[in-house]
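Structures are listed in the sections that come next.
Both complexes shown next keep chain A, but they swap its partner, so chain B is in the first and chain C is in the second.
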Partner chain A sequence: MKTTMNHPHGRMRFWIAFGAGSVALALVPFLTSSEYVLRIVTVVLFWVGMAGCWNMMSGYTGYIDFGPVVYFGLGSYATAIAMTKYGVPFFPAVVSAGVAAAAIAVPMGLTTLRLKGAYFAIATFAFAETMKQVALEFDRTFRVSFFEGSHGITLPISGLDNTFFFYCFFAATFAVMLIHYGIEHSKFGYGLKAIHEAETAAEIAGVNTTGIKLRAYVTSAFFLGIFGGMEAYWITYITPADVFNVHKTVQMVIMTLLGGMGTFFGPLVGASFLTVLSEILGTAFVEYYLIMVGGIIIVIVLIMPKGIVGSIKDWKGIRFA
Partner chain B sequence: MAILECSNLSMYFGALTAVEMVSFGLNEGEILGMIGPNGAGKTTLFNCMVGVYRPTKGNVYLDGLDITGMKPHRICRLGLAKTSQIMEPFRAMTVFENVLVGALHGGRMKMAQAREESARIIELVGLADQAEKPSAAISVPARRRLELARALATGARALLLDENMAGLNPHEIDQALELLRKIRSSGRSLIVVEHIMRAVMGISDRIVVLNYGAKIAEGVPQDVVNDPQVIEAYLGEKRPSVVA
Partner chain C sequence: MDTLFVQAVVNGLLQGGFYAAFSAGFSLIFGVMGVVNLAHGELIMLGAFTSYWVFAYFNVDPYLSAPLAMALLFAFGYLIQKFVINRVIEQPHIMSYILTFGIHLMVANLALQVWTHDFRSVTTSYSGYNWFIWGINIPFARLLTFFLALAVVACLWFFLSRTETGRAIRATAMDKEVARLMGVNVREIYAITFGIGAAITGLAGAFVSPFVIIYPEMGLGYTILAFCVVVLGGMGYMPGVLWGGFILGVAQSLSTTYLSAGISVAITFLILFVMLIFRPAGIVGKGTVA
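Moving on to the complex of A and B:
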């Protein structure tokens, strides 16, 4: 029997499993006294959320966004500037960072989402690099003190422990996962998947392709902005080279590809797997671990071209995963 | 009354004239056949009508409303849908989900209602036993019917069928014709592009003939097949015998 989510049984089983997993995760700070474990779990949550942001747009539509980090960086800067220059408290600052990222994503999406394939990837990549340069050079060019150029900005030291940040990332990642669930079972989600399969056919069947792509893009940007803001407050120090680092984009892409593009569990599995793997190998083989991680990624991609979740889904004939 | 009307529709690709000053109307509840040799501009004409291309000149009216140059999804929601000659199912989705996309987006229905409507339409086109199969895994005749089902699910009152019977055997063609009659009797109007003469002659109330992008004939099937211009377009010009 296939576990189709259309069956009430499957849906119930999913909610029980998902609910139990979330509750167990939420209890982690109480179950462990090790700051190390708590930090690792927080980093995993962070990457699951980040990969999820990429997946909800690029994974489902097949539009390969190579500049999602731009919204992460903008969120970091918005939070840092709001907190240091205007004295805004953390939570309002982070939410407004998300809103700011989403607001910038609207005109960017409207222009870049008309491009297809490599052109879209290049345009988004270029936008991210451009914003990095803007953050670097803005102050020097206009003789102001805003982005603080390459010095970066130091945020107010929170004095809050890891548990606080654990719950911050937990909440944001949980929201990203709920949106994934919504995508799997909604009009919006069927629109995204139809775009992935055959965009012109989708349009003729009444799918407002530009509108739907834009919605996914802006939602993704909103959460990336929030993740950026929270990470900035956690790390307490940001520079353009750091928060706009293309490496973050690459991580998001690889984690999603590894887990399975356009699947519910893809970013969850991919990000958890890669983060934990790098951590374990990184402590055991300090010098060679990157080579090993690279090798393992190549092997998985060769065996499972649709990612871990995507390939299992195909083999087992499961519709929802 | 014409539900759909083209007036002086022209489409140029650079120097190439794909459609030239074509005017015709589709009446309420009518099946209009459209024939013409390969490259006559039938598919381009359809694409201009549903908004995939913006016509270079001329206008398209749906229920009297000028829809020229609107986006395809808007035109679809206003009630004009098309099936494609190159079948484009959403391959990763099941047959049912394919139809569901049409009902949800084109028909702007809520999920529960869209599910009911999709099930009803899948039953109508005879795909009920394959509804849960992945659409990539069904036969060509079934895919043709899936294209039709997806278009029907949008609730469109006028349908453009671009060679929806290509690749079918005679028995399947009879079934397809039966289905088209059923669809018409449910109050929809159809334009049918087809190469299979038996099919198009048997089902059409009127026929429009295109050649080199222009309309060369229009009328009831019997008149059209006897039209010298049509015969020429299909069989070639009668050459005067060479005198030695």
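Moving on to the complex of A and C:
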């Protein structure tokens, strides 16, 4: 059965629903006067975008990247260094952070994407940890003042309110979702899925697998760099331990898995659910929060390995995008 | 050769033995089931805590109470595999990574609730005892652990190659469908394998308790180190953990001595990364390659 979205009516319905949802979301700053609500919605958008970045590469191809946080961290540092040391304004700094992350992703992708399974996962993880240590130790080892080591970098205080950052994250996450739509409806996307199903067969059928994987990897890195830069300016203070934190990677993986890997709505559902849940659990049960998250992960893997979106599809026979 | 260099190499080798001791179980579990056990460090933590409590309450030397840690961890590993991990073992490997990460979070944070964040240590009569040979300083406890690590790897090797259960485990690792046709109960073998992997890891945790700091969150760092050791030696190739442990131990020790401790961590991961790209089957080329 073809997906309903490929059907003209289905596609129209999808655009109406997606457009209406986006417009409603874009109006949130006007609808609420609560800074708290606005901040939560911004955090949700941030995580939807981050999980989406992971999903567009690892979710669709099945190449499990355990080090995406490296591009987030590099984006944070690129933005921070550009703004504090060279006086670059915010927007050019963030865009250049994305470009820098993508530029580093090209050689990294070319080397690591030849690896498979656990080896790819470990190599990407090792790269992320290496970069964290480099950011920590570079200055002390070479006696320069660049990454500022464990002191971290304080960015210029923006004086901008949450609404500004809401729209920043909204725009980036919207772009990530549009790319997901593109993946669902293009030869590029079929290529990614073919790699997931049977890479050798795809290669024999004439799919340029390495090229496609690399495109997904670099696109994902570009957006992660942008998210890193925007978050750095939002938080205004970054340290290597924070922006290269492996827990960011874990969040992205778990949110996508929870929602459904390799699906359009997966990161959207998973990230929203988990962010709101952790907001509730984190405030109510501060001490037991991580135990609960561990338990939730185990339960999800055991009872609905295809994630929320995948399980709904199976139960109802409904096809989403 | 100057003494500093020799001392650094000796320290590295001793450290390498310690690395090999806690990485053998990781390699076994990966080699047989393809499970990258992200809760591996928690097994070390539980082993070390077992020794600690036995020492604290009954004043029994950690080297003597090690069999208890081994038995407890065998039971823990066997049950986890039988009732939890076996349920996803036929699915893509990503599921087992994520599942074991969930186990890591639960065990580490439960331990944190129960035992608090205090740093603990087992201070035995010989804890600060060193030998000086030709100006080289050799800590007694580390040397003992070094030889016990060699013994553990040798015993494991013997078990896998000479016993009936060991043969069944190797057969399952090679081809689980054929093993099943030959009458091997694959799921039971998986549970036993995880149990053995956990047991030798718990044993290693008990062995290292006299000279490491014991606290509930110690696990993740060891999991990462075990990753590196096993990749260097060759995934699933048992004697490879000795190669991996020694190379990593010496490399870290030299870079700590001549550069800085922080850079030595970066060098660890750099070695890991370069190895994965150029020699994914490990330094002696006998590991499994995906």
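Operating definition for what follows: the second predicted complex is superposed on the first by the 312 of 321 C-alpha atoms of A that agree within 3 Å, B and C clash if a C-alpha of one lies under 4 Å from a C-alpha of the other, contacts with A are read in each partner's own complex, and residues count from 1 in each chain.
Assume contacts are C-beta pairs under 8 Å (C-beta built on N, C-alpha and C of every residue); 3 or more make two chains touch, one makes a residue touch a chain.
Since the model is a prediction, treat every value here as computed from it, not as a measurement.
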| Which term applies to chain B and chain C once both are placed on chain A by superposition, clash or fit? | fit
| message | Touch test for A:Leu115: chain B only (first), chain C only (second), both, or neither? | response | second
| query | Can A:Gly62 be said to touch chain B (first), chain C (second), both, or neither? | reply | second
| Who does A:Ala101 touch here: chain B (first), chain C (second), both, or neither? | neither
| task | Considering only touches as defined above, state whether A:Thr200 meets chain B (first), chain C (second), both or neither. | result | first
| request: Report for A:Ser186: first if it touches chain B alone, second if chain C alone, otherwise both or neither. | output: first
| task | Check whether A:Thr130 is in contact with chain B, with chain C, with both or with neither, and answer first, second, both or neither. | result | second
| query | First (chain B), second (chain C), both or neither: which does A:Ile297 touch? | reply | second
| request: Could you read off the angle at the CA centre of chain A, spanning the centres of chain B and chain C, to the nearest 10°? | output: 80
| Looking at chain A, does chain C or chain B touch more of its residues? | C
| query | Of all C-alpha distances between chain B and chain C after superposition, which is the least, in Å? | reply | 14
| Residues of chain A at both interfaces, chain B in one complex, chain C in the other | none
| note | In the complex, chain A touches chain B at residues 4, 186-187, 190-191, 193-194, 196-198, 200-209, 319
| said: Can you tell me which positions in chain B touch chain A when the two form their complex? | reply: 50, 52, 71-73, 76-77, 81-82, 84, 88-94, 97, 100-102, 104-108, 111, 114, 132, 150-151, 154
| query | Which positions of chain A touch chain C when the two form their complex? | reply | 62, 64, 111-112, 114-119, 121-123, 125-127, 129-130, 133-134, 136-137, 140-141, 250, 253-254, 257, 261, 287-288, 290-291, 293-298, 301-302, 305
| message | For the complex, give me every residue of chain C touching chain A. | response | 30, 34, 36, 84, 87-88, 91-95, 97-99, 101-110, 113, 224, 227-228, 231, 235, 259-260, 262-263, 265-266, 269-270, 272-273, 276-277, 280, 289-290
